[in-house]
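Okay, got some structures for you below.
Below, chain A partners chain B and then partners chain C, in two separate complexes.
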Partner chain A sequence: MKNNIAITVTGLTKKFSYSVKNPHSGWIKNLFAPGTKEIVAVNNISFSVKHGERIAFIGPNGAGKSTTIKMLTGILFPTSGTVSILGFDPTKDRKKLAYQIGTVFGQRSQLLPNLPLTDSLEFFGVMYDMSKQDINDRIAELVRVFELDPFLLQPVRKLSLGQRMRAEVAASLIHRPKIILLDEPTIGLDVVAKKSLRDLLLKINKEENTTIFLTSHDVGDIETLCDRTIVINHGTLIKDLPTENLAKTFVFEKYIDLIAEVRFTGFPELPLGIRYTHQDENKITVVVDINKINVQESLRKLLDLFHVEDIDVYNADLETVIRHIYERDTTGN
Partner chain B sequence: MKETRLAINIVKILIKDRMLYPGKLIVDTFSVVARCGILLILYWYVFKLNNGVINNTTFLFTAWSMFFYFSFSVLHLSGIARTIMQDVQSGNVEVLFSKPVSYLLYRIWWQIGSGIFSFIIISIVASILLTLAIGFPPTITIGMFLPSFTLTFLLGAVLTLCVYSIVGLLSFWIEDVNPIFWIVDKAVMILGGSYLPIALFPPLMYKIALYSPFGASLFITHTVSPSWQNNWYELIGIQLLWIFGLGIIVYWMYEQARKKVSVNGG
Partner chain C sequence: MKELYFAYYAVKKNIQSSAELRTSFLMNVIGMAVNNTAFIILWTFFVKSVGTIGGWTVADIIGLQGFTALSYGIVFSVAGGIRKIADSVASGAFDRFMLSPKNLLLRIAMSSFGVSALGDIVFGIICLTFYAILLHVTIYQIVIIILLVALSSVVFFSAITIIYATSFFFTDASTVTGGFFELFFTPALFHGGAFQGGMRFVFTFIIPSLLVGSIPVEIVRNMSLDKLLLIAILSVLWFTLSIFVFNRAVRRYESSNFMTFGS
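And now, the complex of A and B:
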């Protein structure tokens, strides 16, 4: 079903080069023939995305997420590799592609700061060559879905960050894009605003089958919004799997909480494969590597060591899993 | 068609913005009154000391020539250089590169829209005041004045945008274009007749003003001169040649710049 594919990325690489001064050379040589240093921001990544999918594209700072998203939108030119979005090559068909996609850059605003939000929405409608009637209908629709009414006539610069981000997303959807690419859309938002934005994106995905491709450091975005997660680090794709399977990546680690019967008075050395992650007089948390010791054996040994009132055994949360993935990739373990 | 609609919309939006926040109009008015007013008073005195005529020119022609310069400067088309530089430095360029528009055309229309409201208001009010104060030169009443003035004004605007777009686009390579901007801007000011009216230029400097793009972008300052009736088509030809030449450079630089984009965090 090739026509069900919205994005195809093959062997995508981006290298940035910059001049560096050689401390051993004179200033004339450094001025006219400086040394060059090259950074591989994205290194030979390949993946594809189906229509209507919700993709989290995650990685630590400097991993190459934003560079990839900018190559997908035609802002940056790849050093090598190919990108096809809805059949368009972003390097050659940037403007045609722009009619089909929406972009939100969490740290930059595309709205007109001094004027009411309606002016920005109308302005983008014109930019996307929509008729007056179409613009009005779409604005009415977005106002309803995104609940923009309370601040529609307020100058954009007077909106709260949460309101502005809702407005940013609404503006990027004015032309009914088939794909929306969001670069850290929830950055700086409080929990309520984050939830509201995620709910809206889910709604748009369900109602308009808009493909969502987002980069984020927020586990909540990934967990609640995305059905698939692609992990990138040092420019290399290191995981591409359904989000629900992400937590199972580290099933060899189990966490055990031990609640003290009275209080813990000491913290003895633990058997091989078990280590403390939290210890105080009321509660101890240990992590068990089940490749080295199974849960049953761990519990038996822990009960020999401690007098406990209650025990809880659970898997690592998603944030811990993601941190492990990053750390494991960095240390190469 | 789409481009025209977008251009009109940009200009409309910015006029609305300027009307809601008239601070820029006040700043522009003060700037013109301070700069142009002081120079006019100085030149009025200098002409008076020379029995009203210097280099076969009277204060009336000089004043209107300077007024055209300052009126044109209110459009602030030179600002495109710094706007592009700020877009590149802040990374904001990525927002516009993700839209179905030409970044450069968008910025050009944005620049025009930013200054047009102040330009119209200040030009109308100041020309009335100047007429009441000193009258207008007879050259303005000649039939071909208005069409040739309009043409050279429009070509001057296009040429100014070309010159400063080149400066702005350089920021894709060298990021801080302020030193280059300063040199170009001062060249335009001097050769355009800001400090010294072009009618008072020595012959060599007059030739440089005539044949350089810096001077050519402000040929409107020549329009009040009696010689304008004889050489307007030549000057407009010079403007067209520079627009053609610099237009190619702008286009080439823009295409190269697109491939050169590098944004923080990507």
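And now, the complex of A and C:
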């Protein structure tokens, strides 16, 4: 049976060291022999990704997401551990691997700023040793799929951010990569541009079975695009689960909105297992830990305390769940 | 072969890209040619007033300026990306070269076209043409001059590759690499008579400044095939060393996350 694994990461660790001033030493000693401090950006993480999977690799700022992507693509050398992408070791087979993967960095353009977009696409085609005919056919295909026609002849520096990101993704797909790695591709985009980009990535995944591995702070990217989510914090992998199960991570917490019949005049102490998350004279939101008190009992006690016009019971949204995961990991709860 | 075709294609695109900004393009080329012409006029008047300096005539000075300007111009126009290594490393823009399926040194070297260096090429060609006329050179000497331009360009490329590869060892290395470059290039602009004994040894074998201009002029003047062989061997050695140093240095690349634009 053909190996279905696209990416295997085992015990991956990356440490950076930097100079620090010793406050007890003079400036001359600090100039010639400063102390060094080491930070562990990525700490012994392991995971694998199947062909065609759509992975969200998420975590708060400084969690180690970009460092991991840079090790996967061969930009950075790991301190320890191994990476295998499509059977290649990025530290040894950087050039061979580059033919098989596409990369998009939201904060970093790869296009030629002064020339029309079509030149950038052709440039990438030549870089990947494609024939002229193949380049032309692929550009035509990408122009159609990504709807690049209206700005194809415009210099890249004059594109809007949304247009540029579509162009960046299109350029990264010119050589039909088996995997595309995206580092915050929707950063700074408006809601329309975000949706458009997500739709395009889904289309490429479905039509060409391209594996998608993306980092993002945008819950919409995770929810609509990714079938699996890996959470990293402080360089350590803390969750790896189907995205649909991510929302159920805090299923033991129910949120209840209470809308005031007239207005709330006081906010009394709540029973054990219930706590306020929002309180004003028109609306109260509480969170119920159903391990301590069930929903029915909670509602009964809340209705004893407040006169309400309407009630809404719901699970935490994905953004809240992710925030909880980050916070709990930070506080160690 | 594919690497070379891509290098050629990248240079072509870089020229197109630079030419898109027409005013800046022309100002750069003309400005640099005028700047260099002023420099050689100064030298010519100086040498004419004192006769010869350390055995170097006006023709030799013109030849020296021709060789240095041409090697500088060829390398910094075609391989202008080398000069941007320090900034690319500091900003993290070097990432995109690491993601390329091409030879890393070739990819970054050909990532930018130094427009102002075109002015140096024009100036270098004019100087060497004058030099050839003043020396009444033979066809044989013309072949030697062309060969020496190629060899001095290889030495120049190798030297700046090593200089700018130090960017991987320092944080924000622009100033440091700038200093190293001055240390290499300033002696290359002075006539060979200024360097004798230990200094000549240092600026030939430790820092290859004299290989760029002075020694080529001495080779043409004396038709010294021994020195021609020496410069050929040294250029191969410097080239090999530069690739080794660059490849070792790249392993220290730590990337960063500043916002950058591509090329």
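Everything below uses one rule, namely that the second predicted complex is superposed on the first by the 325 of 333 C-alpha atoms of A that agree within 3 Å, B and C clash if a C-alpha of one lies under 4 Å from a C-alpha of the other, contacts with A are read in each partner's own complex, and residues count from 1 in each chain.
We take it that contacts are C-beta pairs under 8 Å (C-beta built on N, C-alpha and C of every residue); 3 or more make two chains touch, one makes a residue touch a chain.
For clarity, every value in this text was computed on a predicted model and none was experimentally measured.
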{"item": "Chain C versus chain B on the shared chain A, clash or fit after superposition", "value": "clash"}
{"item": "First, second, both or neither for A:69, with chain B first and chain C second", "value": "first"}
{"item": "Contacts of A:208 with chain B and chain C, given as first, second, both or neither", "value": "neither"}
{"item": "Chain B versus chain C as contact partner of A:297, first or second or both or neither", "value": "neither"}
{"item": "Partner chain(s) touched by A:141 [first = chain B, second = chain C, both, neither]", "value": "neither"}
{"item": "Chain B versus chain C as contact partner of A:110, first or second or both or neither", "value": "both"}
{"item": "Partner chain in contact with A:89 - chain B first, chain C second, else both or neither", "value": "neither"}
{"item": "Common interface positions of chain A, toward chain B and toward chain C", "value": "16, 66, 70, 73-77, 94-96, 98-99, 103, 105, 107-110, 112, 114-115, 119, 123, 126-129"}
{"item": "Contact footprint of chain A on chain B as seen in their complex", "value": "2, 5-6, 9-10, 13, 16-17, 20-21, 91-92, 94-95, 97-102, 258-259, 261-263, 265-266"}
{"item": "Contact footprint of chain A on chain C as seen in their complex", "value": "2, 5-6, 9-10, 13, 16-18, 20-21, 92-93, 95-96, 98-103, 251, 253-255, 257-263"}
{"item": "Residues of chain A that touch chain C when the two form their complex", "value": "16, 66, 70, 73-77, 94-96, 98-99, 103, 105, 107-115, 119, 123, 126-129, 155, 157"}
{"item": "Parts of chain A lying in touch with chain B, wherever the complex brings them together", "value": "16, 41, 65-70, 73-77, 94-96, 98-99, 101, 103, 105, 107-110, 112, 114-115, 119, 123, 126-129"}
